[in-house]
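Two complexes follow with chain A in common, the first pairing it with chain B and the second with chain C.
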Partner chain A sequence: MILRCGPMAIDVDTDLPEVVAALEVYYGPDAILSKRDFADFFVELRRPAGLRRWYRPQVIFALDGEQLFKPLPRDQAMQAFEWGLNWIIEHHCHQYLIVHAAVIEKGGHAILMPGQPGSGKSTLAAAMTNRGWRLLSDEIALISMADGALSALARPISLKNESIPVLRRFVPDAIIGCEARDTVKGTVALMRAPLDSIARIAQTARASWIIFPRYLNGLPVEIRRRSRASTLMSIIEHSFNYSIHGKAGFERLADVIEACDCYDFSYADLNEAVEVFDALKPPS
Partner chain B sequence: MTRWRKAGDAELSWRYWDGEAVVYNDASGDTHHLDALAAEVLERLCTHAADVEEVSQAIANAYGLDPDDDLNAAVAGSVERFLKFGLIEPIPT
Partner chain C sequence: MRTSPPIRPTVQSATSVRQNQVRLAQLLACPVAAAGLSLADWSLVIRQARRAGVLARLCDLIEEGGALSAVPEPARLHLEAARTLAIKHAHDVRWEVRCIKQALAPLDIPIILLKGAAYLLADLPPARGRIFNDVDIMVPETRLPEVEVALNANGWRFHKLSAYDERYYRRWMHQIPPMTHMARGTTVDVHHTIVAPTRRLRLNAAALFAAAIPVGDDPKLRTLAPADMLLHSAAHLLNEGEFDRGLRDLDDMNRMLRHFGRDEGFWQALVERAEELDLRRPLFYAFRYASRMLGTPLPQGIEKTPRLRPPGFLLRSVMDLLFERALRPRHSTCRDALTGPALSLLYLRAHYLLMPARTLVPHLLRKAYARRVGRDETPERGWL
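Then we have the complex of A and B:
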């Protein structure tokens, strides 16, 4: 199959029927294209030869015939695919400035949420996008080097550990897949993006806010302004490929920040977080 | 006293926001975050070669400050950092 993932087309070769079914659920039937269409990347997700094909079965992720990572248990096949796709984007999509950040949008104004794993950005993105915001990405922001626009991926949201039951309660009718335990990230599960986000995947957005989230259990919600200069330095730290772009990357990133109000944000309660985000005013 | 100037191969791009500056050096690929005083010092040295005392005096004159030891030390500290980062170089005597 060819999988349309935002601006990319991925030729996915797999012998795993559960993966074929899962891709259609998570990405939507319109994302599954004919094999005759052009593909940017050629990916395999397959069972290894030999004993591990059957006994404690594993899966292998390969790009252009080359295995990228060590094999994973077969019940982590979708995680293997998503992590492999992350790797491909981070290493091969240099027409973008790529930042480790969630991106959501409402009314034509996007929030860029940079953060390391564990910062709560994916949980926040999952919550917000089920309360009126559109999901562009839960983990990887694609900033066009040509014009600074943010491209959408609308991929399944990766939830970890405690965030899984939290989101099940917050969005009772969410499509959340089986939990994979004992992964390198603990217990993980994938949550399908809202259908509206998937339907609008071709729509780019402009950042109006840059917000650094931090989950702080038990503390009241707080949002504080931060300087644009410190924001630029922090985003550089969260970027996968800033150093490749040189001066053009600096100018592009600075232009994006110029148009944004920048904040640090800490939260414990998702409802409080929604209230704060809904009250944001676009920069004047 | 040593006179300083922009390093010959430094190609600098600047952005200013609210009293802070971020400077990108295309020669090294490094990006630097400067407070208001450091930005002032680097700007001046990029424009005209000067020693620490001359820079302190110029800043003091421009902003109605006393060119005291604290200002001199702050300017000297900035110069030391800029030299370390390859942004400035001493003028050979």
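Then we have the complex of A and C:
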């Protein structure tokens, strides 16, 4: 089957019925295309041959016949798919400047939230997009090298550890899948993007704010301006392919940042965070 | 990306494989054909070209032919993304060559760039869109110990090798074990000749140094002479049993033959040099498969000249069967029932050319065991 994922079409070949079902749930029924002339990437998710097909079953993720990483337990098949797809985008889609960041948008203005794992960017993106913001991506920002626009992926949000019960409480009717324990990232679960974000997946957006989030338990919410120069340096650190683009990459990134107000942001409570984000005024 | 065996080598019929791979070969032979491809054609071509390591090269060739704007956007994005990466890569290799040159400057020895780095620095057509991991250099064998010390002092280190592998390199190979820079993670392969000293032949490296030509403004930095460069590529691809990027390497020779071949004297010099270095057979195969698979124009009858001592009909037919499979992209759509056996047999042949059977058999058993227990990650070799 072909999975439409934002600007890409992924040919998914799998012998796992639960993966077919999960893709339909997490990406939305409209994302499954029956036939297409062109697919960007051909991936396989399958059970290995031999013992591990039956005993403590595993799943293998491959790009065009080449296995990208070690087999994972079968109940982590969707994680294997998500991580594999991240790897593919980061290594092949150099028509974009790719930044490790969440992207959300409202009223035509997007927030770029770069951050290391554990900074709380996925948690924030999951919360905001259930309070009126649109999800473009929870961890991979695709900045077009041609025009600086941000492309939407609206893939499922990858929640980790404590953020899973937090989001279950914050968005009671959210679709959050079963928890996979003992993964390399701890306990993880996928949360489907809001249907509205999935419906508007073809709309690009332009960044108006760059916000570096930090989850700090027990402290009041705080937002502080930071300089564009230090923002540029930090985004370079969070970029997967900045070095590949050379001078063009620097210029593209400088252009994007020039149009943004930049902040450091720390939070403990999601409701307070929503208030702060909703009160942001677009840069003049 | 490390290559690993396909998770489920699918086998297709020989006819469908021929149809599948014909488009990519056509494009390499005649890039303007890009204008006539459908989106479905592109879907297949891009997968195969990526696997074969020629995606970025395809982008450059098609653009030179003026057909890039005729490529549908979804496909063009992949071509251009690969080219972006290749441009960055070329930049890095130039820098790496500079670092190597500086590290070896006090030794005052000729440094001959080989393969990818040579094509790049000499600005030759096979440099286009060629992504390669290691910089290969050749230095006089007598100076190897000093070269090792100098590279070590400047941050390059040997990989941890088993005592067996270390001995294998030193005894059987034409290069010392690879050295990787601690900070940059880049690897340099230091050679002292272009083909492994075999049980039958020990190539006269002095002749290669004597014919080498300077590149750029540093007289110590050189490349092999055109004929030697082609012969090195031919010996490397067709005698050493590694076909992971076979089509790309064959296309390197296709580009070189088209480029150097405009000079009338080149072909004569090439055949003479092949006789002199005893690399007739690899040159014969290079002519044969470059022209058959990629349409390389050759002077009338050169392939059949008795000076190359062409193999007889039977052997030639068998080698066609093997090489034409090994030189296809290592992609499931280019794989038929004989691909696995062909790769295995060519791997065996490469070792047979290299060492006597009493050494060969224990070596292959040891390597096969290392692969089974996951200690060795080498490209696919069929069932070996």
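Definition applied: the second predicted complex is superposed on the first by the 281 of 284 C-alpha atoms of A that agree within 3 Å, B and C clash if a C-alpha of one lies under 4 Å from a C-alpha of the other, contacts with A are read in each partner's own complex, and residues count from 1 in each chain.
Following the convention adopted for this analysis, a contact is a pair of C-beta atoms (placed from the backbone, for glycine too) under 8 Å apart; a residue touches a chain by one contact, two chains touch by 3 or more.
Computed from a predicted model, the values in this text were never measured in an experiment.
Trainee: Under the stated touch criterion, which partner chain does A:Arg46 make contact with: chain B (first), chain C (second), both, or neither?
Mentor: second
Trainee: With the two complexes superposed on chain A, say which partner A:Arg224 touches: chain B (first), chain C (second), both, or neither.
Mentor: After superposing on A, A:Arg224 lies clear of both chain B and chain C.
Trainee: Looking at chain A, which partner touches more of its residues: chain C or chain B?
Mentor: Counting residues of chain A touched by each partner, the higher count goes to C.
Trainee: Classify the contacts of A:Glu251 with the two partner chains as first (chain B alone), second (chain C alone), both, or neither.
Mentor: In the superposed model, A:Glu251 contacts chain B only, not chain C.
Trainee: With both complexes overlaid on chain A, does A:Leu232 touch chain B (first), chain C (second), both or neither?
Mentor: first
Trainee: A:Ser243 contacts which: chain B (first), chain C (second), both, neither?
Mentor: both
Trainee: By the touch definition at the top of the document, which applies to A:Lys185: first (chain B), second (chain C), both, or neither?
Mentor: A:Lys185 sits against neither chain B nor chain C.
Trainee: Using the superposition on chain A as set up above, list the residues of chain A that contact both chain B and chain C.
Mentor: Of chain A, residues 243, 246 contact chain B in one complex and chain C in the other.
Trainee: Mind pulling up the chain B residues that touch chain A in the complex?
Mentor: Residue list for chain B touching chain A: 11, 13, 15, 17-18, 20-22, 24, 26, 29, 31, 33.
Trainee: Quick check: in the complex, which residue numbers of chain C touch chain A?
Mentor: 1, 3-4, 6-10, 38-40, 42-43, 47, 50-51, 72, 74-75, 77-78, 80-82, 84-85, 87-88, 91, 331-332
Trainee: Hey, which residues of chain A end up touching chain C in the complex?
Mentor: 9, 37-40, 42, 44, 46, 48-49, 60, 62, 64-68, 91-95, 145, 243-246
Trainee: Using the touch definition from the top, list the residues of chain A that touch chain B in their complex.
Mentor: Interface residues on chain A, with respect to chain B: 227-230, 232-233, 236, 243, 246-247, 250-251, 254, 258.
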